[in-house]
Amino acid sequence: MKKQTKPKLSERLRTWDAGSFDLTEAIDPDPPVPVTEYDLRAEDLPPLARLGDRQVRGFRRIYPWLAAILAAVLVTILLSAVLDLPPYGAAENPPHNEVMERYVARGLAETGAVNTVSGVILDYRAFDTLGESHVLYTAATAVLVLLLSASGGRDEPPSVRRIMEGDPILRNTARVVVPIVLLFGVYVILNGHLGPGGGFAGGAILGGGLILYVIAFGFEPMEKLISGRVYRRGITAALCFYSGAKCYSFFCGANHLETIFQNGTPGAILSAGLILPLNIAVGLIVALTMYGFYSMFQRGRI
Amino acid sequence: MTGLDVFQLLLLGGIVVCGIAACLSRNLLVCLIIFMAYSVMMSVIWVLLQAPDLAITEAAVGAGISSILLFITLKKLRDIRKKVLDEKTDETEAL
Amino acid sequence: MLQSLWENRVPVAAVVLFAVGFTTLLLHRNLLKKIIGLNIMDTAAYLFLTSLGYIAGRKPPIITDGNTDPSAYVNPLPAGLVLTGIVVSVSVTALMLALTVRLYERYHTLDLDQIYLMAKDEEEEKR
Amino acid sequence: MSFAANIPLFSIVLCLLASAVSALLRARAAAWVTRVLTALVAFGSVLVLLMGIKNGAAVTYQMGHFPAPWGNELRFGILEPLVSGIFAVVLLSCVVGGNKELQRDIEPAKQNLYFVMVDLILATLLALLYTNDLFTGYVFIEICTIASCGILMIRRLGRTTLAAVRYMIFSLIGSGMFMLGIIFLYSLTGHLLMPNLKSAVAALWASGESHTPLMMAMCLITLGLCIKSGLFPFHFWMPDTYGYSTPCSAGILSGLVSKGYIFLLIRIIRCVFGVEVFYASGIQTVLYVLGIAGMIVGSISAIRENEVFRMIAFSSAAQIGYIYMGLGLSPALGTVAAIFHILTHAITKPALFLSASRLVEVSGGRKRFKALQGAAHRDPMAGTAFAVGSLSMIGLPLTMGFIAKYLFAFAAFRENRLLLPTLLALAISTVLNTFYFARTLIRVYNTRGVTPVPPVRLRAQPGFAFAAILLMAENIACGVLAQPLIEMLTKGLSILE
């Protein structure tokens, strides 16, 4: 038995990267046909002959072994460091210091958020979160740059449309599920300061609901709600509101001025000062971006 | 060792196995499905670590949006391949 | 050794996954695999960070019944940081996937080495 | 608190707002928004700098109603506004000087998106300079990575997309390591704010407990930033990245983005690890050795290159080597020299990329050296800018490069142990630098074999002329009036801690 497993492992390692290009096999049961000049070269010649350079070929042979060794070395080094850390789950570990105590003990009074995590990310450490929504915005812009097709996506291949018009089972399921998903997303956004959730989770759920709707019914009905213009203006408005509001509260905080926002009664839906509007803005950004990603990948425009 | 500990240990073993399997699997579709399972298990671990916010976000973002994007990319790649293939057959027929 | 492995079980699993993801991101030739490796690496780091906030036997940091005693809840800060991180990793994933689509449109393969060689050929033909 | 203390926050938010609004504007309007923005940021930085010099101490700016360590903080003394001002001016000249090439390289419908990315890069550079919190640094590093990839791959060449993928892969590996380093530090100290981290790290180091994880954290953070800034042997994404992007992007990426990461590393060494701990850990020796190796290997690769853009890119790898050598040399003088070289490189490299692209443009778009024969006569302004840049890289007196090399040598004389290898490396690398820059200069000024004689002059570009004059003036002004600048750097470095 042992003799059999050993070559199997080495075989596995050798094909670890070389064999993983059966993209066609994964989704297309037909045997791969040479498609272009490049494909012809890549597939008709023996696997590594195209790499004429002997050095490259030698390097390729040791590639998987190199990978295995690197992983093993990395695991050893990191483990040696991790085993020296304070034990996991103990109450006296360094992270559980005065910072955490104030977040929990005074978070409710200072931010008005029942969910302390929301209070931390949207009030105590709001600058990080401001950066984070801009990460999403940057990525959305970069994807737009990459995938926006020159024709504006009007030459959609018919295959896309065919797949988009989902079958009756999908449509009828979507008819029931989509409203629930959207409602749940809105609930998670609005409830962010009271319970688990918040703008990011809720926005992602909303985005998922919109994507499901589009998969079932196609882009045309969605166009009435979210056109390219609505998408761009929505994101810009939400980001400007977010930056402006946070800049105002940073400025007031640094200069020891009172803001006009009140914390209200803890636990009420209209409470926690800026956290609720910020959650809505973040939710809007996330939902639009997620839908935008899908739309860009699917048809090259929004 | 309580029952929850055992459950957590099983999940931890599960994500490690899934992580390695996703990297080693040769079929890309299988690889993506394993990755989805990995994300779902990760969000359950986060529930056990008393971080429900993260669990919701990971379930929606990691297992939801990321996976949808990966699948749509795979589909897009197949479309590109099909388009090129059709053009090629058209050319040979014209000849 | 075994004792400390057990004591630090979550961070141990996290660093193992980090190493796996890291290696895949660095050395795998298939672009989609690289992206999956990236995601595994990121989530492993976040798992590590989350485990730092956990305190055995405490509740999630959502104030219930007006009890604001810090010794009743786990640490909310790592959860907040990870929330930020998850969004970062999905953004990067989307960007990498878009780059993959563009490269595949042009070279019809996902193998980075082959793409590199083809790009080099292209360059020489132009001269 | 004086009003000037609010300027860093306002600059960052203004950049973010500008980037959000530019998505709705036309390309021309977006370009003007970016130009006005960079000018405003530069002006604001001057005000902050004046305040810093007057106070003679660093100001911490509390972000919001909660004091650190609960909330975020910005922190600025002399060094940060100085660097941010120079960065903003360089960015302005890149955007103005590379405008013609931008319009050639980028589809009209996407040109406004380019300026969105540039605004975001400026915002992240400012945030990386000013932040006093490690995790904020991580978030802005990620924005910077994505936006840099954006301005790189916006040019629709296959080779550019490939370069973008490789750039992304290395950047992501770097950010992953940086993140893991932060996590290790957090698990050991429980803090993310730099001053608290510093006292906790010093206490931990003195107690000798948890030595392995602490070293691990320091190594991971340093290594992550080294990979992202392209220290040898992680420099091989550079030639493709700089060589195939549009010249404006090449200038921004080589001159500013990688320098932003190095500046963050200097901040972290000073304000997180602490000088005593870091220079006792042995990491500085690794940086020193890798820096010297990068200087030599980068220069040799540049000599072997036969394309002007890739040559400049490899020369960038060599210059990054200088900076790390200075960091590894000594905490005081060596670091001053390194920061001076950061500024030198930030001012010189964009000038080289922009002028080289003009020279290529007037030589029929071919990048090979052979095609560049006599190019400086066809566009004298580009020729002058290229000459000044090259001489500064070689280190001729009156330029910034000379002062930088002098400072490196001066720092080496104070470190007896490292005197000989440093001087030797400086000498070898200067000879190599001279070789390939002089070769190129002779090529572009030599008219032998070029028809017609005298060569036809092509129409000058006002935008490029503006940028070239701005960068050359800055270079020579800083080279001639180096003494006050060095004093400012020394003072700034001493109040950084």
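Remarks
When the chains are written out, they are named A, B, C and D in that same order, and each has its own residue count from 1.
By definition in this document, contacts are C-beta pairs under 8 Å (C-beta built on N, C-alpha and C of every residue); 3 or more make two chains touch, one makes a residue touch a chain.
Note that the structure is a prediction, hence the values are computed from the model and not measured.
Note on connectivity: the fewest chain-to-chain touch steps from chain B to chain D number 2. Note on chain placement: the centre of chain B and the centre of chain C lie 13 Å apart, centres being C-alpha means.
Rounded to whole angstrom units, the spacing between the C-alpha centres of chain A and chain D is 30. Shared interface positions of chain A, defined as residues touching 2 or more other chains, are 16, 20, 23, 35-36, 78, 82, 85, 93, 95-96, 99-100, 103, 115, 117, 125, 128, 131-132, 135, 138-139, 142, 146, 196, 198, 200, 293, 297. The residues of chain C that reach two or more other chains are 9-10, 16, 18, 20, 22-24, 26, 28, 30, 33, 51-54, 58, 60-62, 78-79, 81, 83-84, 86-88, 90-92, 94-95, 97, 99-102, 107-108, 110, 118, listed in rising order. Contacts with at least two other chains are made by residues 28, 51-53, 57, 61, 65, 69, 73-74, 76-77, 81, 84 of chain B.
In summary, the structure contains touching chain pairs A-B, A-C, A-D, B-C, C-D. By the touch criterion given at the top, residues 24-30, 51-53, 55-57, 60-61, 64-65, 68-69, 72-79, 81-85, 88 of chain B touch chain A in their complex. Touching chain C in their complex are the following residues of chain D: 135, 139, 142, 145-146, 149, 153, 158-159, 161-162, 164-166, 168-169, 172-173, 176, 179-180, 183, 186-187, 368. Looking at the complex, you find that chain A touches chain C at residues 16-18, 20-21, 23, 35-36, 38-39, 42, 50-51, 56, 60, 63, 66-68, 70-71, 74-75, 78-79, 82-83, 85, 87-91, 93, 95-96, 99-101, 103-109, 114-117, 119-121, 125, 128-129, 131-133, 135-136, 138-140, 142-143, 146-147, 195-196, 198, 200, 266, 286, 293, 296-297.
By the touch rule above, chain C contacts chain D in their complex via residues 18, 22, 25-26, 31, 34, 38, 41-42, 45, 48-49, 52, 78, 81, 84-85, 88, 91-92, 95-96, 99-100, 102-103, 106-107, 112, 115-116, 118-119, 122-123, 127. Considering their complex, residues 12, 15-16, 19-20, 22-28, 33, 35-36, 115, 117-118, 157, 159-160, 163, 188, 196-198, 200-201, 204-205, 207-208, 211, 290, 293-294, 297-298 of chain A touch chain B.
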